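By written order: A, B, C and D. Residues from 1 in each chain.
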């Protein structure tokens, strides 16, 4: 199988550099969010405790962006060469993700109020649209074998389900902002779940072979 | 053709590390601009709405720096070895690009007023001058085949045209600042346009062969 | 020996990209802490001198994160392929490390007072727990030879000792905050000590052979 | 000659990752300095003009850190394997460089006054000491051929001269702060000068052969 599996960047001119640039941008996005955790000027645990919404928003967004990095990492292993569509759909995805620190900070500073949750869910929908474009580009121009086909089929379905959960979070936020946040957390959980077929596939692909 | 196409960094000592450093700097430039999007302290959509000039300036500059990254990525695939000229023209380009967050933030905070647009257009001219130097270095010291020659001929022409559009934006800003912004947007559009001969060339190069 | 030594990323699909992403995140964490060193507005050496707690906190945390990078670098040389556990234990480690700038800034601004030292020691325990998970994943899924086994045995012991020192720093801070800081500094010193068996091992591994 | 020239990271286990981490840290250092260029709140060219000391300090420090990156890049091409000394002398160099944004910001905000220039020159001496250590490590443990020997001989001499110029800048600042800045600028100029024997050597090494 290792013949048909897309190998490292050596055989994929230019793809490695797009991955490196994306890694840089995502690493910065994930890290600058922590700058919003301003230490309180006066001492005491109760003052620290007032930071919990900012911390919770940071942790949620960290998980969110981390999941994108992991999916990006898996998806790009199916890319074989650089096209204009690949470059620009990837740039759009990074742009959409770069808005996450803003809505995270808004969510934390406004203590998970209704408007803040709406903005946050909307910001989560944006990169998922860019991701759909990116995946369709790699599906068309990347590796064409049964393994890649299965990967694209499964993750597209999972991605569509995630977008639907985000969307349904918007009316649910009207009922209670915490229902909207629950939708976001549910999607994160979905991607973390260890024993789905998707993850078994990934474990195998990473090793270059499925494990017994 | 893959014999004459410049391959990955393996055969180009030191070039890979210059690319990696440039990727890092450009990734940070592109991302710190979003820090200017300070969430408003008081709640409400109307308060969020007052951020539109800052957001618009960010989106424009993101597109602008992203285009530079893409062009840098393409240009460096023609570099074969490290020279003093390559290192320092690249450093000058990164310096010029590092001023973009400043003029972007000025543009957003001063709501696209005349002086802010002038400063922005001037900041856009600076990296284009450094890019001309960088390209002339790679043209002289990089791959010497018909493919590279065609690439350099086409992109130099496109770059000169872009600089001319920026320059003409300066008097046009006197008439209306939005005409100046339109010039900047026009240049961005030029590089996005999918079916120019340049882009067809790029699609081919990335794959290591032209597509039928 | 070079046959059994885990080589560079070429033979380890995907591992190289996780290393690159971790490098990016750790590089940013280590660098944004210096942003807390705000230059005083009024001139004079005495004004500069008031920055000493912020500077000391920065230097301590820099050493701390640098040690994590070095250990991460060594540990990942034993990883052979990407698994879900590897990706997420690494993400958790990076998340825990991303909280260091916050507690560092709190430590500096509150002049090493009792509560600040407690928070700092707690923040130092968090990544050590994530690191234990990460190491157990690589121990299970990575290189399986006597060299790796020795490496894991030695560093696990050292890591457990470090965690115990941090923990004992918590009651000691009740006596004096400086005893707590001394615990943190002791752990740093432990990892710097040049002639321990662990470091002799590392010198050898890096060269691909032990030196006479 | 390509047999004796240190090649890319493939044959140098772990060295590539130290370079990548250093690239990340230096890229961030060089870029966060631009954040000090706060756009003035009120409009007008005269308001922008008041930023000249901040801008000048940024440009000087950018050149300074860029020179370090270039020298680091050249020096590491002579490293062959990772040792404890290599890792920690490199970490100390990055720590010393991470203080540059602080003294740059102090220099800009205090308009090149005497104390600010002293602090700046002192900050410039720190990384040069760490660099001397780093170079001595690579001289001892890296490539051992006549080419590397010549490189180390020449750059050590140049580095010692640069440190002497910085040191002599300290009493000269007593006479006039601008004399101190002139010393710093002189060192930068020294490294930029294109036709020194050092640069001729570098041009050759980069290409893997001297040009006719």
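The rule we apply is simple: a contact is a pair of C-beta atoms (placed from the backbone, for glycine too) under 8 Å apart; a residue touches a chain by one contact, two chains touch by 3 or more.
Chain-to-protein mapping (UniProt): A, B, C, D = TMEM175 family protein.
Not measured: the values here are computed from a predicted model.
Visitor: Could you classify the subunit A (TMEM175 family protein)-subunit B (TMEM175 family protein) contact as same or different, where same means more than half of all interface residue numbers appear on both copies?
Guide: Mostly different residues form this interface, as fewer than half of the numbers used are common to both chains.
Visitor: Superimpose the Cα atoms of subunit A (TMEM175 family protein) on the matching ones in subunit C (TMEM175 family protein) and note the rotation angle, 0 to 180, in steps of 5 degrees.
Guide: 90
Visitor: Could you tell me which chain lies farthest from subunit C (TMEM175 family protein) when each chain's centre is the average position of its Cα atoms?
Guide: That would be chain B.
Visitor: Approximately how many whole Å separate the CA-defined centres of subunit C (TMEM175 family protein) and subunit D (TMEM175 family protein)?
Guide: 26
Visitor: Can you check how far apart subunit B (TMEM175 family protein) and subunit C (TMEM175 family protein) are, centre to centre, with Cα atoms defining each centre and the answer in Å?
Guide: That pair's centroid distance is 37 Å.
Visitor: Quick one: which residues in subunit D (TMEM175 family protein) touch 2 or more of the other chains?
Guide: Residue numbers touching two or more other chains: 10, 20, 24, 27-28, 32, 35.
Visitor: For subunit C (TMEM175 family protein), which residues count as touching subunit D (TMEM175 family protein) in their complex?
Guide: Interface residues on the subunit C (TMEM175 family protein) side: 5, 7-8, 10, 19-20, 23-24, 26-28, 30-32, 34-35, 37, 39, 41, 43-45, 48, 59, 62, 66, 69-70, 73, 77, 192, 194, 199, 202-203, 206-208.
Visitor: Show me the residue ranges of subunit D (TMEM175 family protein) that touch subunit C (TMEM175 family protein) in the complex, using the header's touch definition.
Guide: Residues 9-10, 13-14, 16-18, 20-21, 24-25, 27-29, 32, 35, 80-84, 86-88, 91, 94-95, 98-99, 101-102, 105-106, 109-110, 113, 115-116, 119.
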